[in-house]
Structure formats: structure tokens, C-alpha cells
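One chain, chain A, links the two complexes that follow: it is found with chain B in the first and with chain C in the second.
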Partner chain A sequence: MSAPYFTLPEFKYVKPGSLEEALEILDEHGEEAKIMNGGIGVVAFLKERLMEAEYIVDIKGIPELKKIEYIPGKGLYVGATTTVNELIEFLEKSPEVREKYRALYEASTHLADAILRNRATIVGDILEGLPYMDAPGPALIFEAEMHAVSKSGERWVPVDGIVMGPMMTQLQPNEIVTEIIFKEPPEGARSGYVKFASRTEYGIVNVAALVAHPNDPGKRVVKIAYTGATALPYRAREAEELFKKPEPFGKLVEEAVKVIQDNVEVLEDPYASADFRKYLMGILTTQLLVKLARGEW
Partner chain B sequence: MSKQAFKVLGKPVPPPDSYEKVTGTAPYTFDMELPGMLYAKLVTSTEPHARIKSIDYSKALQVPGVRIVATGRDFPVRIGIYVGDRDMLAIEKALWVGHPVAAVVAESIKAAEKAIDLVEVEYDPLPPVFDVEEALKPDAPLLHPDIANYKISPAFKPVPGTNIANQFRMIKGEGEAGFDKADLVIEKTFKMPFLHHAYMETWNTIAHYKVTGDIEIWTSSQSPYAPRYLMAMSLGVPVGKIKMRIPYVGGGFGGKAGVLIEPLVAMLSKKAGYKPVKLVMSRAEQMRSMPVIAGYKAYAKIGFSKDGKIVAYKVRFLFDTGAFADYTVNVARTAGYACTGVYDMPNVYCESLAIYTNKVPTTAIRGFGYPENHWVLERLMDMAARELRMDPVKIRSINLLRPGDPTSTTGYGSPLRADAGDIQGVLKTSAELIEWDKEPEQPKEPWKIRAKGIAMSLKGPSQPPNAVDAAIVKFNEDASVDILVATGNYGQGTVNALRMIVAEAFDLPLDKVHITWMNSTEWMPYTWQTVGSRSTFTVGQALLRAVEDAKRQIFDIASAVLKVPADQLELADGKVYVKGEPWMSIPLTEIVNGYTFPNGQVLGGPIIGRGIHSPGILSYLDPDTGQALPINPETGHSEPGHATVFYTFGSTAVEVELDLLTGDIKVLKATQVYDIGRVINPLTAKGQAIGGLIMGMSRALYEELIFDDSGGVANPNFSFYYVARAKDIPDDIRIKFLETPQADGPFGARGFSENVMIAVIPAIANAIERATGVSITELPMTHERVWRAIKEQRPDLIEKALKAFQEWKNASQG
Partner chain C sequence: MAGRMITLRLNGQERRVEVEDNETLLYVLRYKLKEMSVKSACWKGECGLCTVLMDGKPVKSCMVLAVEADGSDIVTATGLVKDGELSPIQKAFVEHGALQCGFCTPAFVVAAHHFLQKNPNPTREQVKEFLSGLICRCTGYAQIIDAIMDAAKYYRGEQKASP
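== the complex of A and B ==
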């Protein structure tokens, strides 16, 4: 964010009223057309001249992309154009769902600020692909998947691995994500989110974690994911596996942290060195896991 | 006059502009459009230091709507207030990444933004220098080899043939030799980073160079006269031809003092065929291409006797001014002459250099050298307290300056006036408010520590000794008053305070005293500048004299009508009374445009009062010794010269919580204590104290401009240049104003609105030092910096914290 411009480069703005129409336009123009959701990322990238588009396809006019629905046993379905504030409002009105998706709720309330959240969407936040986004961590621990639709078909794409870099995803240019599902968390699970910001409004380390049955090795489930510390959202699968061992939770936390610190490739920038990020991942993960296990989060 | 006697002073009065600001109806330069207006946009350098070989803008001119492109060749003049080193567009050399090298003027901002990408600049790179110490080396690349030919204001001393834009030295007593007598000597190196002022409105200017030669300007400057004069001087146009108009301004913090981009926009207007031209800065342009706040490195050494008295002090400030030092030379000089802070020291050697580097240029800033020098000295006081096992309050108390005692003098050799303020009372009150003697309650996590810290501050306006001000009061037909002052209103509440002073002095209700939002050299009388916390004090005095002048005219008329001598009249409740005979009166409405007798004859005419402030007691400081030059007795003053018209004393104490595991510092409680002589408006005074606290905290903990490898600003936005936000503000802020009146202040008042941020910064680090023995000397105190400092200086603390953390974790097994 250092370009001098006030104005946007030229493009044609289209706002289709139906999914069919939108897919048609995308199919016709391929790479020349870019999807705009809340537009927070798209407008910033355009303004910075980091993105070019002949067509900007605003998907906010497609009615079925706006929805929030919780189906017990399956999960929480959030429409692609549902804003972060709409999600927060929904969760605040349904405390039971909120507690199931606590990490998502907490990450949402830490995401940008109240004004931006009126436009920003969860799907857009994940697909924007910058390292420090808040939505991807919770998406990983809830095994989220995006429903991608194109003229030639539809598919469910796991969020883990969908992003390849800023504004770069595994999606095809002619695919539109219509919704995202955050899967039903394991029975008895608690989750939480830590955003550790240092001199930026984004986190230098963000941790999302979920813990179920911490003291029952047979049923124990732990899921951990990071953003901010790593270039791409990082699910600590090896560490999660450790918790299957029949050992005390506290000891496993220590082992898990070590595995994470040994395996992860972290960012280094003027806001935090790689060392400090790794160290913080250890402290913050330990705090979050232990507190979740004790019911103190 | 006792406090109860006031009708207006001391009451919380919201500044009238607040209503327009919160409803979004206040017009700023950015909002203004003129018929036929054109829009300018800057092309900036991609090289940190380079000769400009060629600029090819033929393609830019082909963009539909583009009118002209200008380069440094078009206006090869330099501008500036103290050291005239700034160019309007790079003259032959680019001096930093972001340096404006050309300007496009077009019919729309869109066309201009398209065109800047088509301007091709060919550079011949020169070796750059980014570090002050490198820049001082004899073989360092020179940024300003022609400095000897620049316009330099008296009191400044660049060193031609070097990168030194100004050199200031001050020697008091035996200087360095004084260390011989010290029992304890502490030596430390301190650093402050480059900062951005973070005013909400960027620099914005509209200029219309007219065919008549008149130049009309609307600009986001702090006040109108300085930019007008500086512009006239550098462009060689008659000063009276320039009409400098200032609508609402979105904050300044010193960053809109002096001259901004007015001369450039005026010349673009002329070149574009005498059309009005607007140039507005995006945040990124503002932070990469326009002046920011200088960083520094300081080498300091302080000597104490066993009993805690300061014996000698030496400090060498190396201010990094970036590519232009224009206004920063005086920030650096002020840090030098005020290096002794609130303390009485027998032996002092202070040196302050302003040094050019190939980075974004710098300018004035709220606090103006005082946050800078207090960061050093107030930290050293706590380090000494720790070494000497003395209480930080006590070690301060025994070293404080003694107002009125001729043997207790500032670094530049002048004693403080007896009514300068209750310096001991400020310290005592601050300590009481934070409950200094009570141990803070410790949090339940053993890896967190709560601690209290304290610091003192003093601040006076840094102005040339001949900075003068005028004020006018004039009456409307309904006997309400218009105040005419060129004092800028950019959020401080000063003009509202001036209104309250006038209402009080005329004994008129507030709604009978009017101020206006548009400031201009055309109708407001001269004021040097609105900077340095000076305006309530200086312009306030000018206004009180204007009120006296108006009253004299009113009484002259009333005296003739009521047939009593003028000295037996008084003005109250909108009427002129005969003292002791209140039934003998004339309403002001019957006087303000002359008194009309029943036969239609009129006596006198419109009442207009004028008054001035002239700081007779100020003189230059000798740049080699830092001592004040003797005063001319012709001015009616006899005491030694002074550097400032007043000093205000202050103190901040804080309670902070430090997380040893993460380096996180939270300010839980803070005190703000200032002896401001008289609280004119408690609402805005409190506002300043809170705002200053937050700004100080923000500078202590978060703010820093980050430079990339080519010296360009890498975080020119508020996502990565973090400024404190609502969630960072402590819940518990304890503010107290002492009111020791200063005889010449309006109703005793002193200015204080910069002082409020100064002590905050060291107080936070002092709390950390006190609780952990970890000395932090570099700002900002980021998580990682704090964590590393603890790891280096007190590894045992981190180990202990980690151990406690392990225990806490393992307690969960079960």
C-alpha cells in the first residue's frame, strides 16, 4: 500500500442479477474478468495497480449468494457475499452456534474494523490470500470447504490449500464460490482464536485452535492453524497427530509446539523476526490450548 | 481575581467547530472546488540519490486533458523557514526515493494520474547515504554542496562542505570537565525513529495565480502568514499580492507549520495559464514525499554526586533530517538548548547536529525537540536512581530548577522567573495521583509484572526572538464582538479559548463573541505562526490589549454622554456604568457605532480595538556557546535574554503491565499534571491532556517509519504505520492542572498543549526499568525489542517467567 493514486484504473463494471448471468460473463472473458465481492481487497489491489481487469464482476447482486444457515450435524453454511458483520450478528443471536464456532466468531470480531466488516466477506478474506488474514485459520480448524460453481459444473474445494498467494487461488477464473461450509466440530470441542498484532493492524502471529476431550486420549481431538506467521495459512497436522498418543495433555502441548517450531517456515519482516514469530507461536499456542483444555478460554 | 469571579473562564465550552466536524459539514481545502480548476499530480524519484539526466514527458502530454508538465528546471528556487534547502521539484538531483521530480497538471485527477506513469525520467545514480554517522564521514556523499548559498536565518549555522545542516553547541559551567567531580557516571546511547505526524488531513493546496499578479491560495497550513512570507521571499513576488486563506484544517501537530506546497501550486497555476490548480496528497504520497519527523541517535553521559545531585551532563544529538532540514534545524537546536530539561545542572555540554541523509525530508513536530531531549534525560534520571538506590521522585525533586532563584539557571544561563510555575508541586501531585508509595497489585499470571514509572517535562515555544502578534476586536451593530486573529484552528481549541478570554474581558456572554472558520492574511492581522503552544499566551495578551483599546474608545464616548470622567466608568453586562451609580448607564449597542444624540447628531464611530504582543525578553543564543545574547535596554527589559516567553512544567506517571513472555506493555493508568497558570477551558484542556497522553503512548510503543533498502518509506499507510487506537487507551487517566498564574499570561495562563506528550514516553520506559532493571533506550518499545532487551539484560527474568509458564501449563495435567 504505497502507490500514490486516488483513482482506479479503467475497467468495465458489471453487476449481474443472477448466478447464470455472472457465470456467462466469466466464461466469456476468462482472465480479463475479475470477481468483486465486498471489494475491500479488489479495490485496494486495483488502486495499487497490483491488479488489472477489463471487467469487474460485482457478485453482490446475486440473491442466492447471501445466506447463513446452521444445519446440525453438518455445519455452518455462510454465503459468499455474507459480510463479516452479518456473520457476527447471526452468531451473537445464536449463542449455541457461536460456542460451536467460537474461533470463527473471535476471528471475525478481530477482523479489520466495524466499518470495513460492513463490506468485507469471509469468503473474500480467505481468497484475498494475504499472509495475515484472520478468516483462514478458523476455516482450517473447521475443515471448511468452498462451493465453486462454473458453467461446466460444480465442486467443493477444501480451504486448506486453496490459496497460493496474494489474489492467487486454485480456483479457475470462470468459477464463482457460492458459499463456504464450516463443518460441524467434533462433539465436546472448544475453540478459540488469538490475534497477536505488533505495530500493524494485522497479526504477526494468529492462532486458531480447537480442543475436544483433552484428558481422554481415546477421544481427544486437537486442531491448530496459523496465519500471520507464515506466507500461507498453515494447518499444523503433524502436531495435531501427536495428540492421539496416550500421554498427558500438557506434555503433548510441549511436544506439539516443538514439532511446529521445527517444521514451520515463518515469515521475517520489519514487524517481527522469524525467531520471534516462532517463539511467539510456542507461547500463544500453549496458552490457547491449555486454556481451551481447562475451559478457561 | 479569584476563580469564582469568572463568568466564562473555567467553564467547559465545546469549540463551535466541533459541531460542524462531527456532522461532516466542515469544509477543508480537500473539499473545495473552483470553476475551471485543474489538478496536479507529482512524479517522484525512484532513486535515492541521482543526477537527473533527462525528463521526457512527451507521452504524458498526449494524455487527453493534460495541460502541462513542469520540472525543477521551470522553478529552480529553494524555499524554507530556517535553512532554505527545499526545492519545489528536484533541481538537477533527486535526493530520496519519493522526491518529487516533475508535476503534471490536467483537467481531471484521473488524467493526471494516468500521465504521471508516462513521464520518463533518466537518472545517473550517485552513492546514497542513509545513516547519520556515515553522513558525517569526510568522504560521505554530499546532499547540499551549495548550502553556503542558501537563505539561512540568523541563529543557524550549517557547515558548508559537510552534510551538517545546523550545528549547535551549548556550554554551561565547566562543560565536560565537570565530570571530574562525579561519583557516578552513566553513559548510554538513545534512539528515536522517524515518525509521521498522522494528521487526518494531508497537505492540500489550491492556488490561483491571477492575470493581475494576485495569488489566491487555499491551503491546509497551520497559520497563514509564515507560508505567505516564505513564499513571497522565494518566488520574489510582493508579499501583499499573496492572499493566503486557510479553511478548516484536519490536524497539524507541527507538520503544517512553515511553508507547505503553496509555492509549487502557485507556479503550476501560472504555468498552466493562470488557472486555479489543486494539489492534494494521498496518504502514501504524504508519507513518502512530504516532510515527516526526524529520528535521531544520541550519545549521552551524566554524572551524579553520591547524594543524587547532577554534577555534569553531556549529550550529543545526531538528528537525521532526511534530504531537507528546513524546519528540523530548529527542532535539533531546541533539543540542544533545552537539553537540561527541568533540572538545574552546574556543568553542561550539549551538542546537537542536524544531518542530511538520502531519506524523506523532515519538519517541525509537536513538542519540537522536547520529547526528543526528555527521552534521553528522563531515562537517565531513572537509571541513576536505580544505581544510587534512590527513589525516582526524590532524585528528581532534589535536582529541579528553582524558579525565582538567580543561582538556578537553564542550560543557556538564564534563571527562571519566580512565577514560572510550581515545579515541585507538579512532581508531588503526579506522584500522589498515581499513588506512588503504594505497590501496584500484581496480576495472577506470574509472568506479568505491574510497575509504576514517572517522568517530568518542561516546554516553551521555540520561536524567533522577534516573533510578534496582533489582534483586533470589532463590534457588530448588536454590540456583539468579532475576534480577528490569524491563529490557526486545527483542532487544538485555541481560538475558542481566545473567544472565552475576550468574553470574560468584555463581560459579554459567550454567544456575543464570534469567531470564524476561514483564516486569511486579507482580513486577519499578523501573527507569526500558530505553533509551539504559544497562541493562548501571546495572542491572548494581544487580545486583552485590544479589549483595553476598545474599552478606552467606548469610555471616551460614554464619558462625554454621561458627563463623568472616563476613569469612573466600567463595562459590564453589555452596558457602560458609572462606578457606584449603576442607574447611570448606556447600553453598548448605543455606543459601538457612535452615540446618536436625540437630534440625530453622532459622536464617535465604529469601535475597533487593536493590541499586540511583543516578546521583548527574547534574544538569540550564541550557536557556539548556547548562551543567551544580552538584552538591549532600549526595549525596557533588563534581565538576561531568554529562549522562550514561558515554560510550562509537567509530569506524567504511569502504571504499566509488562508481559515478560511476549514483551507486551499495557498502560493501565496514567497521570497528567501541568501547571498551566489558569485553566481557561477545562473541556479542551482535558482533551489536550488525554490526546497528548495517547500520542505519547503511541510514540513510545508503536510508531516508526520503516525504510527499505533504498531508503524509501516502506510503511506509508496506517495499516503498517500503527497509531494508537481506541482500544489502546488506558481506562484510568488522572488529570490535574495546577494554576500558579504567570503575571503576563492572559488571566495568568501558560500554553501547554505540546508538553502533554513529552513525559509520557520516558515514564513508560521508566516503569519497566524500575520493575525489571531492564534499560530500554530505543523507540518504539515494540514487543520484539522489549523481549530482546529483557533477554539480553535479564535472562534470569525470562527463564523465571518461562518456568512459571511451564508450571502453569503442567498444572493442567490430570
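== the complex of A and C ==
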């Protein structure tokens, strides 16, 4: 059997039963060991020979990595091995939390497909590092951070900037991400997510946005983030800053879209041209921000 | 590389099989355990035709390592047949002509079985959303959706499974 995708390169599969055991393995083997979670990314990368590993470390046997907990005032904690469908089920049973994290909920229900979501994880989706992932946008507007643990310590790493490219992150080879926190959104905030994907399940432009107090310049907060359009997840901070000006919301949306379109470096590939992506960013961002401000999203 | 023995329940029967760490569940089910209702097509998680229920949830078996399935419960379309009789979802596919070449049918019926168990009162939109990870190139999906909507009555308990 040697047809493409039939085979995987050789590796040794290990499934530690505790975090200590897993950290020991990573410490010993360094770059030779790769962490596998839901496997959607790792199995595909291995099949396509884009990844090599002497050890595949399956972290699904570590009990404390499976968790979903909302702590009012702090945020929503999602364990590294919690699947996307488990998160969706939790949010559907907790309407108040779902409304707080509407953009995350909408991105989750658009992530891959309903079958893959039984294995796919939020942390895996973000760390895979391909341009068209769904979870990074909501992670950026909710100021998400990942908890990274190694034998020598632990730290919280902001999701903004954590990914440097496909399978390339700021994390060290001996670190394991145990959970991600989506921080408590500002008081009065509404959020939403739009995925534009034609001909393919991969988004050409995905927009996540959050709006609080749109008509009160003193309290107004706007956050906007993209995937699919750019090589890396993109938070439009310059555009967000504009909304501090004491001007009508609608006028600022127009200015913000222009700033985004002028400054962003967009992808150009067989799915969509750079111009089409910029056009979509303008139109989808305008619709999403205006609808969020009017309470229609 | 030395293989290792894994044990799984395949359609209610305990099976032991020697696998390599780098073999997928799809490969082992189809080529080692000869469970031919599990189809292989894209091998990269897109077409969904290798879908099986693993511990009660549909997974694309080409994206699962066989070693990960050690100790798990696997159900395929074959496992839905009881005492030689097709299950309601399988009968609904026949009645609605929800197949032409039939290659994708085993994946659709196991996935639909799981979906209707969880959601016995779906809208057409919810069925379509659920099916987005499964590809059929013959039917255009209309009859597949009809069959699933129709079979839902058995899962709601409105009609007995036997005719």
C-alpha cells in the first residue's frame, strides 16, 4: 500500500496517563516527540510527510486536560483535550455563557464538520497554525491565553502571537498546553463570527468581532480579528483604537474598514485573490459590526 | 517495527488484532479485520466514507490511529443489522432510493443513526448541517435527507422498527 495518504511514517506511539509522565517524555526526547491531541492536524501532517516524529505523545489519557469551566468575572476555561463538540454541548446547555461567548460558539459550530468535531479541539485548532482555522479569531477578541506547563515551570501565553506558521509556535518542545482561557468580555458586550467559505470548507475570510456600548464613546469597546484572509491570525488593533474617538459609530465603522483594507497584508491563492479578500473583509466587517451595534446579531 | 496487540469490540464481538503504531483505524478495520462496510476513499478526513461509531460517537477512521482504538467499542453499518434484518435507518435509505452506487451509504447510515439518536426531531437544515462532513457524488443528497427525516419517526418511538 503506497498510495498517497495510505501510510504514515514510522513512529512510536505513547499515551501517558499523567501530566508528570507526559512532561518526562517531552523533556527526554525534545524535538523528537510531537504531541497528538484530536489528531486531525497531526495525522494529516504525518500522512503528507510534512511532519516527522520519533515519538507521538497522545495526551488524551491525561485526566486534568479535559475540562470546561466558566468562572464569572474571570472567563471560560477550556481544557486542551476538550473536543469542539463537547464545548458546543456545554454552551448549548448554558445559554448565558453562550451569549457572553457568542463568537466562540458560532466559530465552533462552523469548525471543520460535525463528525470531525468529535475529535477536533479548540487548542489544536489554534496551534495547527494554518491560515483558515476558526478558533483563533474568537480567541483574539476574548484576549485568550494558553496555560503552558513544563518540567521547569508554568506560564500563561497570550494567543495573540503564539502561532508563527503551520505547526510553528512560540511554545517550547518540552511544554504542554493544558488549557485555554477566554477572558470575561467587557460588560454589555455582544460578539459574533462570520465565515465566508465558497467551494471549500476552508474560510477565505473569517471575521470575529465584539462590540460594547456602541453609542457611548466613553465606554465604547470594539474588537476585531480575522483568519483566512491573512497568513497568521490578525487582530485589527489600529482600527479598534479609532472607536475611542467621540464620533458616531457608523462613521467610525467606515474609517475602520478603510484602515484595515489599507494596512492588512492579505493572502492570494487559488481560492481567492487578494482584492476579493479585501473586498470581503470590508463588507463582512461592516455588516457584523453594524448588526452587533444594533443588537440584531 | 514490532507490532502490538489491541483488543476492540467490533459490532458487539471482541476482536484481537496485531497493529503497527503508524496504522490507521481505517486500515486495520478494512484490511486486517476485513470489515468491508468501512470504505476507503480520500484517506485525509474530508469525504467521511470511513466513518464509524467509536465509543458511541462518529469519527472518521482514517484520522484515528488504530492503537488509539485499543479497548474501544466500534460500530459500523454491519452492526446496525439485527438478526439479519435491516435497521429502520437502513430501510429508510432503501425506501427512499437514497443511494445509487451505494459506496457512501454505510457511512451515511451509521452517522445518521447517531444523529437521530441524539436529535430525533430534526429540521432539514440540521440534517444538512450534520451531513456536511460526508460526501455523496450520486444522489445530490435530496433522497438521503428525505430518508433521514422519515426514519426520525422510529427514533421518536412513533413507529415500531419491524414492518
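For this structure, a couple of remarks:
Heads up, the rule we're going with is that the second predicted complex is superposed on the first by the 293 of 297 C-alpha atoms of A that agree within 3 Å, B and C clash if a C-alpha of one lies under 4 Å from a C-alpha of the other, contacts with A are read in each partner's own complex, and residues count from 1 in each chain.
Here is the rule we use: a contact is a pair of C-beta atoms (placed from the backbone, for glycine too) under 8 Å apart; a residue touches a chain by one contact, two chains touch by 3 or more.
Note that the structure is predicted; figures quoted are calculated from it, not measured.
Touch criterion met: A:Ala114 reaches chain C, while chain B stays clear of it. By the document's definition of touching, both partners, chain B and chain C, reach A:Glu201. Touch criterion met: A:Thr7 reaches chain B and chain C at once. With both structures placed on the common chain, the touch criterion links A:Ile56 to chain C but leaves chain B unconnected.
By the touch criterion defined above, A:Val290 reaches chain B but does not reach chain C. In the superposition on chain A, A:Asn215 makes contact with chain B only, not with chain C. Of the two partner chains placed around the shared chain by superposition, chain C is the only one that A:Ile40 touches, whereas chain B remains out of contact. Residue overlap on chain A between its contacts with chain B in one complex and with chain C in the other: 1, 3-7, 201.
In the complex of the two chains, the chain A residues touching chain B come out as 1-7, 196-202, 214-215, 248-251, 253-254, 270-273, 276, 279-280, 283-284, 286, 290, 293-294.
Within the complex formed with chain C, the residues of chain A that make contact are 1, 3-13, 15, 39-40, 43-44, 46-47, 56, 58, 60, 85, 112-116, 118-119, 201.
Interface of chain B with chain A (complex): residues 41-42, 44, 109-110, 113, 116, 280, 282, 284-285, 288-289, 661-662, 702, 704, 706, 713-720, 722, 780, 782-784, 787, 805, 808-814. Chain contact summary for the complex, chain C toward chain A: residues 1, 20-24, 27, 31, 42-45, 48, 51, 57-60, 62-65, 67-68, 111, 115, 129-130, 132-134.
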